[in-house]
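Before anything else, here is the set of structures, which you'll find just below.
Both complexes below contain subunit A, partnered by subunit B and then by subunit C.
== the complex of A and B ==
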């Protein structure tokens, strides 16, 4: 299957999902769908760096919140700005931060990069908490329009549609990377960085491309968040849940292909939503952590790996 | 107050040490068990980087949510006789609340350093970082050494945590603030260098304290990352790195 038919199939699937949700006409379905699709984007973004090049990013919340807060800023400056434009800006901002952090830390060994990203999350949170323009520690309110532009219906419909579009873009990018020279370069870095460098793979440049893309998609996934929650404060924007879910879902689904994060996000996201409704919201956050630990121990290749024949 | 200082001192040191020691021993044992799981599941399969890290990250999250489920998200503090008063010197006051953890940590750090540089086990721990194969050829079991080192490191961290609750109230996710700090200190000092670590820790402590005094405490967490970025950009091997 080549690139274009794959994208067309993705768009068709997204259209069917959106049509189904419209036909159900239940705003809860949109809320749940939005969360799950958002995790597909986050998981895929994490997987571009983590799964393909083997560098573990723990600072997901930093990039995610940069996207979210750049929307807050833009909404305050230009209230009429359309959401897709905000998403592009948020993605670019997060991508730049990703490249900058990567440039400083990627020359270190992999473990140091991971810890540095975790520290980055704390620092970005400190900066946002001290920035009064976006509400500081008090948080910011974002009033969303009552009716969705272009498609009509509730605004959540529009958000869900936008997220589905982002998801298609992220998955198409991930799959294109997998099958291109870029993807082979990433895989070479993951398997043996010294050998890759010695064979002429421009490792630092490739790693920067990966951090930029990964951070950018995380920022894009975060950009619609203020409109989804309508009230954003640092504690919720930087919630560790996003980070754990975005790491757990690809690891549970399988990091070797674009399908892994999708499988993981649908399964774990669905299970969490089910537990949130049936048991309590405290249990549902524990699920991702426990499942992740269990999966990395007993099924290192993830669910997708279980179905692949061993070479 | 004329209650003999000795008594106060003794009571608090013993109480602190006892509690911290219990915590450290039990958590140290837990740490050894955790390392065993890590070894069997990841190190033996030579699959340390991605999944190993995620494993520890998952543990962090499980511990945090577990603490939230048990203790709630509120700040918790302890009461002890020495938490209020200060040791009054001529020019300035030394609050016991800060002095006690300082003395305990110094004793622990120096004791650990002596252990690492003098005893067989300590030298083996340093050796395993340098060359695992050579250590194996000297008839020491690297896995056992690393298990002990891991248990020791977790126990040290637990003792530090026991000291923290004397300095300030704690809540379940407070550990996250220390990840960046600890990392910044280790990188700034030079990894594996004990004097470097001491210098870096003091420097960071002073800079952070100045920052919270002059710019407000909400800026303090950013100091560590600033220090880290500058170190990485200017001198990645740290002050006293090899």
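== the complex of A and C ==
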């Protein structure tokens, strides 16, 4: 399937999902849907760097929160700014930070790179916590409009629609990468960086593209967050849950294809939300952990890997 | 005619250890050069400095009338310098055909002329695999290969970059007698197609059979350079290998 039909099918699926949620007319469905789709975007973003290029990023919350807090700042400065514009700004900010961190840390390999990204998350959280303009440790309130622009209905409908759109963009990008020279270059870096260089792959430039794209999509996923939670403080914006889930979901679904993070996010995210309302709100963290351990043992290639033909 | 590869006063240190000291080396276009030396004499370091994996501290490398100093490895590959690694380093998650696709996409197609597009890339990958006798395994993963097949893949990947100069770093270590013959034949065939080849090798039979000229490195210095038959009789070379 070529690129354009694939995007059209994605849009059609997103439209059907949105239509279904509208038909259900249950705001809880929108809340759950938003979370799951947000994790598809986060997992896909992580997978561009972690799955395709082989650099494991633990600093997801840094990029995610940069997106979220750039919306807080924009909302305070220009309250009338439309959300899609905030998402673009948040994505660009996080993308730039991604490229910057990439440039500083990509000389590190393996676990050392991962530790550096973990440090980045701590640094960004410390900065935000001490930045009074965005509320510091107290947090910031973001009052969202009562009615959704353009489509009418509750504002959560609008947030869900926006997140679905982001999801289509992220998946189309991931799949385009897989089939392009860029994807082969990423795979070469993942498998053997020295051999990739010897084969003409400009490894540093490609790694910067990967960190930029990955960070950018994480920032975009985070940008609508203040409107979703309406009260954002560092503890929730930098919650470990985001990082754990964004890594666990691609690993469980499969890191080799764009479909992996989707499968992982729908399965794990859906299960978490189900358990949150049936058992307890704390048990959902356990789900990602237990499933990740199980899958690393029985299906290291993830669910998608189980169905791929053995070569 | 100026030489294709021109190494001048090349020096490399690792801390206090002098790995290479004032290496002078010229390779003419179309030549087959053998490079030998005891373990630790600096052969692989020299390859790494020529190919840009390591940066030399002193001296310079000129290739096809251009200075390579300061260029990264991938830029040198794009200019026509290819190497195989001493221990095969295939892209483990990619099929054999896809392994060859990488240098075509990133070295050949980055040159501006002679770019290969679309289905032609796949055909080219399979042709190259056919040349080294791996056509039937084109869709397999490198982990399914035997040692000699791995070496052949390594050479095929270097060839896929369409180099002017190929440096084969111990492409035959650990292979059987008949397998060594196969690789020599392969390298001579490539040379016949106009590719200059530098062969680094410990197997003297292979070196003598292959090389038109022989250079010897000992402890980071080049101690001999000339016709293979003369070089192996050189008193200094004999001393380096056999002792007093």
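Odds and ends about this structure:
Definition applied: the second predicted complex is superposed on the first by the 311 of 311 C-alpha atoms of A that agree within 3 Å, B and C clash if a C-alpha of one lies under 4 Å from a C-alpha of the other, contacts with A are read in each partner's own complex, and residues count from 1 in each chain.
Note that contacts are C-beta pairs under 8 Å (C-beta built on N, C-alpha and C of every residue); 3 or more make two chains touch, one makes a residue touch a chain.
Note that this is a predicted model, so its numbers are computed, not measured.
Once the two complexes are overlaid on the shared chain, A:234 sits clear of subunit B and of subunit C alike. Once the two complexes are laid over each other on the shared chain, residue contacts for A:216 go to neither subunit B nor subunit C. Within the superposed three-chain model, A:104 lies in touch with subunit B and out of touch with subunit C [touch as defined at top].
Using the contact criterion defined above for the overlaid structures, shared-chain residue A:115 touches subunit B, although it does not reach subunit C. Using the contact criterion defined above for the overlaid structures, shared-chain residue A:137 touches subunit B, although it does not reach subunit C.
Contacts of A:59 after superposition: neither subunit B nor subunit C is touched. Shared contact residues on subunit A (touching subunit B in one structure, subunit C in the other): 190. If you check the complex, the residues on subunit B that touch subunit A are 37, 41-42, 45, 47, 49-51, 53-55, 57-59, 61-62, 64-66, 68-69, 173, 176-177, 179-180, 183-184, 187, 216, 218-222, 224-226, 228-229, 232-233, 236. Those residues of subunit A whose C-beta lies close enough to touch subunit B in the complex are 50-51, 54, 56, 58, 104-105, 107-108, 110-112, 114-116, 118-120, 122-123, 125-127, 129-130, 137, 190, 240, 244, 247-248, 251, 255, 282, 285-286, 288-290, 292-293, 296-297, 300. Interface residues of subunit A, counted against subunit C in their complex, comprise 181, 184-185, 187-188, 190-192, 194-204, 256, 311.
Here subunit C touches subunit A in the complex through residues 51-53, 72-75, 77-78, 82-83, 85, 89-95, 98, 101-103, 105-110, 139-141, 157-158, 160-161, going by the rule given at the top.
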